[in-house]
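The structure's right below; bear with me while I get my questions together.
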């Protein structure tokens, strides 16, 4: 299995990440023309759309960064890893939908259901990412020989709490939708900040 | 004909696969705002959209995996193969449309017509993939010299039944739409599971 | 200027081609749900959409093939070529719009205006492609040294009539919209067929 | 940090640029079918959409050219640069939204608000690009050793006025919306023209 085969899996994944992240803007709707008189107010009024765009953009961006970082450690793949990768992409590509639902319903009676949909998707993404990483790193299955074990352990320690944190945000959202939504943004920002995971 | 020319055909194909698979989410519609009170119910109610998303995502994903695998065996291309590749991409890029039709009409009087459209598209994809593979592998036309003949034969044996299986699912769908739809999902899952095709 | 810089221009162009070609499907609309009873008839009835999808997909696909072929002959670029390339991409990315207009209006009083918009876009694409090729090949400005001059001349002879042929199809369309539309499809198929342009 | 890791950041960025630039066409709407009789007039009437398409396409295209040029000078990256890159992409991917708002409202009472949204986005893009370049080039942090310092200085001098120019266009737009919109197009054309930035 040569290096340039891994390259094509990365290229396809990059494509899905890039498209999903860019499609988010489609769900930020242009106000209707008869609102021309109060356009400024209308544009401010749809801030939940911007909030959703920002949160999901950062989340997908951070997932891409991590996906990218892991692939710098891998020097081969197998069928199971391809499938786990496909499952991860399926959930990433799904994210524009719960984002749009959240933006439309966060200020309505449907806020709780909208946050639940968003949060469940986030938790599933965290679980899929965790499985994808575990399969690659467990017993160093797909890891390049020159990668030190401490680096793998540092990454595993960094990724492990992800599912729990997203479950926590989901729980908060079921109690108080806006708090949950804010927690998802906070998590995306937290994960976006540079940290030390051994050598990148 | 150098290796990096094949690389560009792969890159363009990857792009189309990645975009078609990610565009599927556009057809999963956000409920209208006046359904806020029963949003949870509304979201569950549109499960045919999720079903269609899942089935078509897996189908395109599996087609990509196979497309990718075949290109690891090829070390050149010709004009006819480029055209067959374009035809295959034309059908793959078309899939979001029958997926959306299926999701919208599976619970209506139009279910049979919707399944027919979806199934015919699937059969055409299987036929196009078959021709594309036959052109590349027949007489080892585009195959790299180091690839053993048994591996080609194993792949041909694995791909051959595809068209018949999809024709069968289409036939089932004309009798009983839901059974046909379930068969398309089952086929996608079946093809997604890891199998032994000689060395990948 | 190293080879891998050309590679990035190709990658960006491939992205735009791949996205434009895949976005075409967005304009093939799913029938409304209250047409469930006659869905089969509705689906057949919107054949202008399929016609437009097919014509524009083949046209963009063929443009990509030619773009790709030319880049196998080029081993550097300059600012002007980047700009001409951007102009070509601007027109390619525009094509989903006239395609959708053509599909919606070909059977109405607006057919002539729709064909005119489509045809003018096609002519502009042919002109932009011609300039792009002339800039690269004129005086062998960007051509790799090992490419024989006869090959360049064969390509120039093959591309030269393009603008005239598309102007002819536009003229036909202004007289009789459907004849013009058929001519655009015929041209796309004609250019898609394998031909001998020296060594590919 | 090897060269091919930078390559993947470029590939992901290229993907976002290519998708954002191609999605612009989605916001150029097809006239309604009951306007068939005066389709030609309708198509001309929506020239603000074409204006917006052209301006934003050129702007994103030029941003891509500059992004591309800078990456030919960089031979490594760090976490902060990845984040600044993500921020830049977030704003680029946002651009289809203000473009559509501008096209819909430029001829209405909402013109000033629409130009303000568009202009603020443009200013933020210029600021993000400036920070992204400063981080890479400051103290030659990420610059390849063979790049001469004069080239860096020439680029810095060329990019520096960008934010001010876009602020100026925004100011004009607040006074007279159409003048501001024209200024954004003029800036895109100005930056698109070939210039001497030392060796490209």
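Chains: A, B, C and D, in written order; residue numbering restarts at 1 for each.
As a convention for this text, a residue touches a chain if its C-beta (ideal position, glycine included) is under 8 Å from a C-beta of that chain, and two chains touch if they have at least 3 such contacts.
This is a predicted model, so every value here is computed, not measured.
With rounding to the nearest 5, the Cα superposition of subunit B on subunit C corresponds to a rotation angle of 90 degrees.
In summary, the pair subunit C and subunit D forms a contact in which the copies contribute largely different residue numbers, shared numbers making up under half of all those used.
Centre-to-centre spacing of subunit A and subunit B amounts to 25 Å, using the average Cα coordinate of each chain. Chain centres here are Cα averages; for subunit B and subunit D they lie 36 Å apart. Across the assembly, subunit B contributes residues 11, 15, 19, 23, 26 that each touch 2 or more other chains. The part of subunit C that touches subunit B in the complex is made up of residues 7, 10-11, 14-15, 17-19, 21-26, 28, 30-31, 33, 35-40, 43, 53-54, 57-58, 61, 64-65, 68, 71-72, 192-195, 200.
On the side of subunit C, the complex with subunit D involves touching residues 1, 4-5, 8-9, 11-12, 15-16, 19-20, 23, 26-27, 78-80, 82-83, 86, 89-90, 93-94, 96-97, 100-101, 104-105, 108-110, 112-114, 116-117.
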